[in-house]
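Chain lettering (A, B and C) follows the sequence in which the chains are written, and residue indices restart at 1 in each chain.
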Amino acid sequence: MPANSRLAVRKTYKLFIDGAFARSESGRTFPFEHRGGITHVARATRKDLRDAVRAARAALRAWRDRTAYNRGQILYRLGEIMEDRRGELIESIARSGVAAATAEKEVDASVDRVVWYAGWCDKIEQWLSTKNPVAGPHFNVSSPEPTGVVGIVAPQRPSLLGLVSTIVPPLCAADAVVAIASDVNPLSAIAFAEALATSDLPAGVVNILTGERSELTPHLARHMDVHGLDLWVEDDELEERAADLACASVKRVRRSDPRSSAFWFGDTSMSPRWIESFMEIKTVWHPAGW
Amino acid sequence: MKVDPKTRGNGINERARDRVSVAAPPSAASNKWQYAPAPEAHDYIKLRSRYDLFVGGKWRKPKSGRYFASINPATEETLCEVADANEADVAGAVAAARTAYEKYWRKMPGASRAKYAYRIARAITERSREIAVLETVDGGKPIKESRDVDVPLAAAHFFYYAGWADKLEWAFPNADPRPVGVAGQIIPWNFPILMAAWKVAPAIACGNAVVLKPAETTPLTALLLAEIVEQADLPPGVVNIITGGAATGAALVNADGLDKVAFTGSTEVGKQIARACAKTKRRLTLELGGKAANIIFEDAPMDQAIEGIINGIFFNQGHVCCAGSRLLVQESIHELVVTKLHRRMQTLRLGDPLDKNTDVGAINSKAQLEKIEMLAATGDADGCTRFQTECRLPSRGYWFRPTFFTGVALSHRIAQEEIFGPVLSVLTFRTPEEAVEKANNTPYGLSAGVWTDKGSKNFEIVRRLEAGVVWANTFNKFDPSSPFGGYKESGFGREGGVHGLLPYVEI
Amino acid sequence: MDAVGLEERAASLAKRSIKKQSKIEGLRLAISCMDLTTLEGKDSPGRVAQLCRKAINPNPADPSIPSVAAVCVYSSLVAAAKSALRGSGVKIASVATAFPSGLAPLDVKLRETQEAVETGADEIDMVINRGAFLAGKRDEVAREIAAVKQACGSARLKVILETGELVTYDNVRRASWLAMEAGADFIKTSTGKVSPAATLPVALAMLEAVRDFETLHGRRVGVKVAGGIRTAKNALQYLVLVNETLGDAWLSPQFFRIGASSLLNDVLMQIAKERTGAYQGEDYFTKD
């Protein structure tokens, strides 16, 4: 090594739970090989997952009590922060072997998608609510409310855009999220978590775990305090097992097959229906009369 | 003190029906603990001595060559000069808007329009203190209001509509929403920056280009908005801001090349504009005057209702189209309400609008002050009883003490005509049917308020009131997601919410 | 009452900007209305004696600072306070009636009250029976208050509502009214042992009840806010509430009190800052 070359400071990739970055309680990691070398990424256990769900549950009420406008501002801020961190996000994708131009396109699409959803926070209720003309002197209104804690087994690819596309819509719904990242490329998930951590998002609203998906998914699926489940599991058997375990608490489950690049980069993968998937409709009656 | 079970109440339903507070309560001015002046810092704000027109992305001198002064109504000092646009200037602005619309704005993807609008929203928030101070010195409203209400709502309005710019197919499914084209927008002096936001935000979000004319007495914050638009790199000509008086407004309404006119102001002028537009096929929305009824029942949450009544008429010195200017009191609580109102009024602080503790600022102009004084005098002449805040008025500037009249009948001028000042007319009713009937007995229909703790009564009253905005157990609440607009002679069209997109799309 | 409207009004009043001379006046008023408090299981005569010295002369470096209104202690420490406060104008307020829970037999509570008064308490801070109140047994609550009032003799009675446990403003209003009708000289927000304690909207609800009570019955009742008031700014906000709801007559220790401990030093620091222009440090103000 020449005398004047600078040594890099290597980054440790940790789990994102309750607004903080922590190693797995087990201390386990798994080696992730990429263009820059080998990184030992935290390998979450069921206890880490348990802690993440607890954090999400605790964060729910305050997140829901914020104004929709405030949630929109926070998501817009996330877009600002991600825009500012473009380089880092692009690198986190490119390292896993994706071509630089594609990585850039993926980051652009991710930022724009966040901004798109930011604008839904204070509109989703208008889009889904109705005042119902019941046959009688009663005022009757239906409107959507958050389902609660949503567990997400994120798409394997694209590792950033897929994660953003699945995590952000439940946030518009005022849900709290526990997400299991791609293990094909876990680095983008943590780079994204760092953007989340600096976006004024309250601690616990989003939690991101890296690790062995086949190990973590069943625990997420059977957790009695998780109310919604978004499965982008590539292994059919694992997916079916998770869907079965989810029945014990009548979770709202969405199951999806791996999708093409065209799907993820197009309008087909952004829709207020993705927000609606993790909302409940409440209908209220009140008499009108002297 | 022995407790007598027969007279013990629960505090909730206690009414001081048997007691009358005859003497006027002491005013804030005679309190033993006087608040020291607390002026909002403003020396860091730089006003140009002269402003030109903002047309086609540039600051252009008016072809008229004329400028007029904008003054501070609290001190009568001149703040600066602004351009007086003539017909040629107006035509130039409309042409610039047309060019921008045809060349690039109508084709720009919604996601990009959204980003521009988000930039404007964020910039308003960043420069919020500056805008608030300018709003206060230009128009006379208390800094507390411009800082806490006008400016945050203006930013929120841009933020909300930015979010619709790339979602119009979701707002109007199966309808292929497209922009209307070029809109001429005329706004009043009571909420200058807020009205500018209400007009510009939905228009540009939907892909239209605009020519905005702020009111003659309050051009400054619109001109600051022009600076913000410029710094947001909005493509030139999408937003054009031209200053001037009534003649400029008339020129804009009649200009060739407009697809739409949006007007907020008096009913009288609104009717003239409607007639001018009737000769053409251009679309029109109007947000005009009001004479809102604020109905208080004996089972109202009393002290909060008093606050709501006070806020309803004295917020922004009563320069509010949706002001609760007719108080309909259930006769059984008339004395109690009058006593509480009179007492509460005395803690209203009237004075320097830049003082953070001021509740009531200056009347916007000499002309408006004269109108208020004239109409209030008819109240005296009609035999109504006048109550007002006992306070000293500053020696310079335009001021009117918060006032209410009791003994008012529907036929009195102060019950029929919009005063647009801090003057409340108090009438009585006995039954809810009578309250609704009296509330609706007006050609106006912008807003109304109702105060009762009983849920079903609230729901029935709001169903029956002929007003575009009904406030139940609250008043003067605004939100970009909440549609605002009138029935009858208070205008047509809605601003805010999904409904606020309709005037700016072709579907 | 409408909670949203009440909270909006309180928030609006909290925005008053109190500056310069009016700030100093307000802060001095806050001190002269303070009940300097120690209510811990580990309180001893020595602790109380030192607190009393602070109460009499909060800042020896500034002789213009007034004494506080009262010292507030557990009933068994009234004698220690009396001896330490001899010759000063500072009053002794004693908590009684099985503070803070209030859950003890009535005769025990009355005896405690009597003994506190006999040993020298000028004021008694009692707690209402919240369990009975929330169960709807309002008559029982009222009777207890009246009985304690009688046991007070010439001592003034402050009735603690423990608003944090009452939860709704309607309950706060009802409890305030009930206490006033039963003879309270003061209504007080909290024991300071439960969170939330005093809040601006709760205080406003109580001030409005006091106002209506005076209009109806012609008797002035005082208001004491206690618990969680730690900053000078917050104290000034309470004073603004009193000023703009009730006016001059209540702006005195006769009818307004702030129960606090660490607040005193923050107020002293703010006064010093107003006088010198420099932000102050804790080291320059004695803890007791």
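Methods note: a residue touches a chain if its C-beta (ideal position, glycine included) is under 8 Å from a C-beta of that chain, and two chains touch if they have at least 3 such contacts.
Note that the coordinates shown come from a computational prediction; the quantities given were computed from them, not determined experimentally.
Asker: Let me spell it out: compute each chain's centre from its C-alpha atoms, then which one is farthest from subunit C's centre?
Answerer: A
Asker: Using the touch rule from the top, point out the two chains with the most contacting C-beta pairs.
Answerer: Among the chain pairs, B-C has the highest number of C-beta contacts.
Asker: Distance-wise, how many Å sit between the C-alpha centres of subunit B and subunit C, to the nearest whole number?
Answerer: 42
Asker: What is the distance, in whole Å, between the centres of subunit A and subunit B, each centre taken as the mean of its C-alpha atoms?
Answerer: From the centre of subunit A to the centre of subunit B is 41 Å.
Asker: Using mean CA coordinates as chain centres, what's the gap between subunit A and subunit C in Å?
Answerer: 49
Asker: Going by the contact rule at the top, pick out the subunit B residues touching subunit C in the complex.
Answerer: For subunit B paired with subunit C, touching residues are 1-3, 5, 8-12, 14, 16, 18-19, 21, 25-26, 28, 31-38, 144, 148, 301, 303-305, 307-308, 339, 347, 356-357, 453, 473-474.
Asker: Within the complex, which stretch of subunit B touches subunit A?
Answerer: Going by the criterion above, the answer is residues 111, 114-115, 118, 156, 159-160, 162-167, 170-171, 432, 455-457, 459-460, 463, 480-481, 497-498.
Asker: Okay, in this complex, where on subunit A does subunit B touch?
Answerer: 68-69, 72-73, 76, 112, 115-116, 118-123, 126-127, 137, 139, 272, 286-290
Asker: Which part of subunit C faces subunit B closely enough to touch in the complex?
Answerer: Contact set of subunit C toward subunit B: 1-2, 4-6, 8-9, 15-23, 25-26, 29, 138-139, 142-143, 146, 149, 170, 173-174, 176-178, 181-183, 208-209, 212, 215-216, 219, 239, 243-244, 247-248, 251.
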